[in-house]
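Look for subunit A in each of the two complexes below; its partner is subunit B in the first and subunit C in the second.
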Partner chain A sequence: MLFKLWQVALFTYRESLRQRIVYGVLICAALLILFSLMFSGWFMRDILKIILDLCLAAVSLGGLLVPFFVAINLVAGDIDQKTIFTILSRPVGRGLYIVGKFCGLALLACTIIGILTLATLAALWGAALIFDPFFLRNLSINAILVAIAMKALATLVLIAVAMLWSTVTTSTFLATLLTLCSYIIGQSVESVVRFLVLQQNQLDYSPLLRLVAEASLYVFPNLAAFNFQHQAAHGLAIAPGEVLFALVYGLSYTAGLLILAVLLFSRRDLS
Partner chain B sequence: MSKNIGKNSDKSPDKDCDKRCNTSRHRASRVRKTGALLLGLLLCLPLAVAAGHQVFLAHLNRADEQISRLVTLPEGLVKLATMEFSGPASDFLMFKVMVYLGEKLERQENPAPQEWQLAHQAICQVTNLDERFWDPYLLAMTTFPWDAPQLLPQTVGLLEKAALARPEDHQPYYFLWFLHAYFLDDAGQAARYIRLAAEKPGAPGYYPTLAARSALYAGNPMAGALFLEGLSGQTNNPELRQYYAKRIDALKKIAFLQEKVDAFTSRFGFAPTRLEQLREQGFVSALPEDPYGGQFFIDAQARVYTTSKLVEAKQEKKEANKQAH
Partner chain C sequence: MPAILCHALSKTYGHGFWRLQRKVALANFSLAVARGEVFGIVGPNGAGKSTALKILMGLVRPTSGSAQILTMPASDPACHAHLGYLPENPSLYKKLTISEHLHFAGQLAQMPSKVIRSRTAELLALVDLSLAAHIPIQRFSKGMTQRAALAYALFTDPEILILDEPMSGLDPLGRQLVLEIIRHCHNQGKTILFCSHILTDVERICSRIGIMHQGKLVAQTTPAELAQQLPASAPASSATPLERLFLATVQKGVVPAGEQGEGHAL
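Up next is the complex of A and B:
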């Protein structure tokens, strides 16, 4: 079974590499990292923060490419164009198909993020050559690596979301739209709930609104939980407990979404 | 079979000719198409460059457009809308503020009060997006109190925000000390801030001594010059270093003339009313020139200052001053 899973994952990985958009965005991200070196030279003191802000944004964008452009095209496209029957006619179950696709896409996301991480480290090395060490005194490689690892985890969650929507809907457009909505809600729901909790004594709002907002915090993926970019950019220490909770949250949420996707996909009438 | 071969061989020259004709026609049409496309490109490119340049020039003259529309949006909304990209958004907005102010300083124009207000609003937005970002606070500290004194209370507010956002950093309190000692002449508050700065890790050992000397810093040009010299040494941007250098030069010249005025007063028992008196009595061999294009003078309290108020004078005024000098 593991061999079959590996084969589906490898097939997905190879198939996704054939989409040239991946290489295009990789080149753009690498250029952005080079640009960060030039751009940071304009600033007065926080040069390291500028470089890391831009490089980590490039890592995020590179990661987002997978759920938005590759995952939906592969899964919803398979169903849309009926190519799924070719795969399912072989001894591969529906559950294995979903999990295998996810593993292949996760491998692709890790490849892209890995390349961009190397580019980030190269940009930092370039900065060490160009700028006075005073401007790089807050550099913390550990914080940068943790922030990137958490970005990778957020990407995995989003891939699982994209896969879930792809199994539920019948068109790639709808799946993209739903994934985009989940991403926007996931990025902002924590801020909204925090605002409502902090302002509860000053503002008069409906308890139902707060209930809906709080429910959204648990229903939708809280992507802000994986955002350690601020700490990495400012060289601040990251609490291990916080990372551990984010890790457990990310893995369990992804597993939950995949189980749900498998359940829905198993009952789906593909004909 | 042989007939067929014969037939085919009879037809083949015509077919070959047709093929060749078709190929040459196809080639000619391809050349024509490529030529038309190249011609189109040659027409479009200069048009796009010229129009793009006109758009850029039009934007250059629109003050409110030069920073960003983000400035005028509510802080909460901007923070929410930028999602995980609030860090890069703060960097780009800060870059726009620096270009905006940098262009003004390059053109030797002092921004109007509403333009300073816009810059302040933009800096507030930058610090809303990333409240630990030190550059906006630094820019506010080194420009607002000196060039836009009406923004002094807002600068104090910004630095208090910095002190909260950067609890391990001694610099926000040090800046607050300087603002209260030098500009606001409030020795009590200044002493409180420098004590808070001294408690922070890595604070220089001389901070506690500044608490007792805060009153001496009020309007003291040498103190201002030394403060800016300290900041200039830690600044990467060459344009800002140039901006600091000019102000330091002017402050040092004021401090030098003040020293001579004090020496004159102690020798003759009365203060000079004109700076020329210093030259006439041999205290100075020549009077220094104000780098901002103004003229140094002695006020009624025997303090040396300049007609430029350390703000860039207009070019014509500068030339007139030079001629008068």
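Up next is the complex of A and C:
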């Protein structure tokens, strides 16, 4: 079972590496990191913050490429173009197909984020050579690595979201649209709920609205839970409890989405 | 025990925006294919041929009835270890090469690397794609893709082959090649179930032929019977015996005596 899972993941990974868009985004992200060194000199007091903001934005960009372009293209496109028969005509069940594809895409995301992490560390090394150490006094490699690891986890959650929509919809466009909506809601849902809780005395809104907002915190992926960019940029300490919560939340949410995707996909006719 | 057994299969698809409109693709379809037999299914477009094959591959769930491959339920992916499937208008992963596809099939079957390499060379030579082994599929013509997909279906030397329109998109040379491969597989004792629109090919290579119409197997015959037995209502023309039987069965809804009900009796 695990051997077959690994073979499907490897096959997916090999195919995804041949997508030109992967290299396009990698080049864009690498340029962004390079520019971070050039632009940061303009903001003498915030050199570290500018470098890290740009580098972590590049990591996010590289990570987002996988669910939005590669995952949907590979899973919804697989069903659309009937390439899925290539795998399902072998002794591979639908559950194995979904989990194998997810693992292959997760491998791709880790490769891209790994390369961009090395580029970020290279940019920081370059900054240490160019600028006075005073401007980099808040640098915390641990905080940066934690922030990047959490971005990788958020990417895995989004890949699972993209896979879920790809297995239930009949077109790649619809799958992309639904994944994009989930991403936008996931980015802002925590802020909205926090606002509603803080303003409950000032604003007159129905309890139902608050209930819906709080429920959406559990239904949609709360991507803000994985955002440690602020701590990394300012060299602030990251509470281990927060990281643990994000880790458990991210992994269980991803597992839940994959189980749902497998259940729905097992019932689908591939005609 | 037959290699392939379908019993009273029915499939109804929902269509329209809310999928409330129903379309019957298969209605009480029964079929038994014995081991070592080449069974060809012919029928007009929309007769339900591909749906029947997809149910056998576990790609589509029947509304009712059952399908078995070597006594295993067709929905069980484990039975695919004994199956080779060529879908209609096959689509392989465009960025990958045929060698990579065959390697994947071999790895899933847990074949040793040495065997995978020798089998790859053997099959690529068989389908005349040795020179295209390392070219991405996206640069293949339709005929090359069809032959590549056939090599992928044959890679693990399966006992049963399910081929959906294996000759579609092929030039006369390619068609001849596929016919030879099917004959070769038959001589090796493989069970082959395929559907095709090209009646002359079906007549040439099948040991048994079934005619499907409106989701049912309405007639079954053999090439030998075809030569002897033609319905009186068959239109006189230059058509081959199978073409005449097909037209008599499908166009006029006539089921020739002696063949009627064989499909239902299973």
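Here is the rule we use: the second predicted complex is superposed on the first by the 271 of 271 C-alpha atoms of A that agree within 3 Å, B and C clash if a C-alpha of one lies under 4 Å from a C-alpha of the other, contacts with A are read in each partner's own complex, and residues count from 1 in each chain.
Just so it is clear, contacts are C-beta pairs under 8 Å (C-beta built on N, C-alpha and C of every residue); 3 or more make two chains touch, one makes a residue touch a chain.
On a predicted model such as this, the values are computed, not experimentally measured, just so you know.
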* To do: Determine, under the contact definition given at the top, whether A:R18 touches first (subunit B), second (subunit C), both, or neither.
  => second
* Please indicate which partner A:K4 is in contact with in the superposed arrangement: first for subunit B, second for subunit C, both, or neither. => second
* Is A:L247 touching the first partner subunit B, the second partner subunit C, both, or neither of them? -> neither
* When both complexes are superposed, which of subunit B and subunit C contacts more residues belonging to subunit A? -> B
* Who does A:F39 touch here: subunit B (first), subunit C (second), both, or neither? -> first
* To do: Mind working out whether A:F85 is in touch with subunit B, subunit C, both or neither, as first, second, both or neither?
  => second
* To do: Examine A:L180 and indicate which partner it touches, taking first as subunit B and second as subunit C; both and neither are also allowed.
  => neither
* Asked: What is the shared patch of subunit A, the residues that subunit B and subunit C both contact?
  -> none
* Partner subunit A, residues of subunit C touching it in the complex -> 13, 50-51, 54, 57-61, 77-81, 83-85, 87, 89-96, 100-101, 104-105, 107-110, 136, 152-153
* Asked: For subunit A, which residues are in contact with subunit B within the complex?
  -> 39, 41-47, 49-50, 53-54, 56-57, 60, 131-132, 134-135, 184, 187-188, 191-192, 195, 223-224, 227, 229-230, 233-234
* To do: Report the residues of subunit A in contact with subunit C in the complex, numbered from low to high.
  => 3-4, 7, 11, 14-15, 18-19, 81-83, 85-86, 88-93, 96, 267, 269-271
* Hey, which residues of subunit B end up touching subunit A in the complex? -> 76, 79-80, 83-85, 87-88, 90-91, 94-95, 98, 130, 132-135, 138-139, 234-237, 240
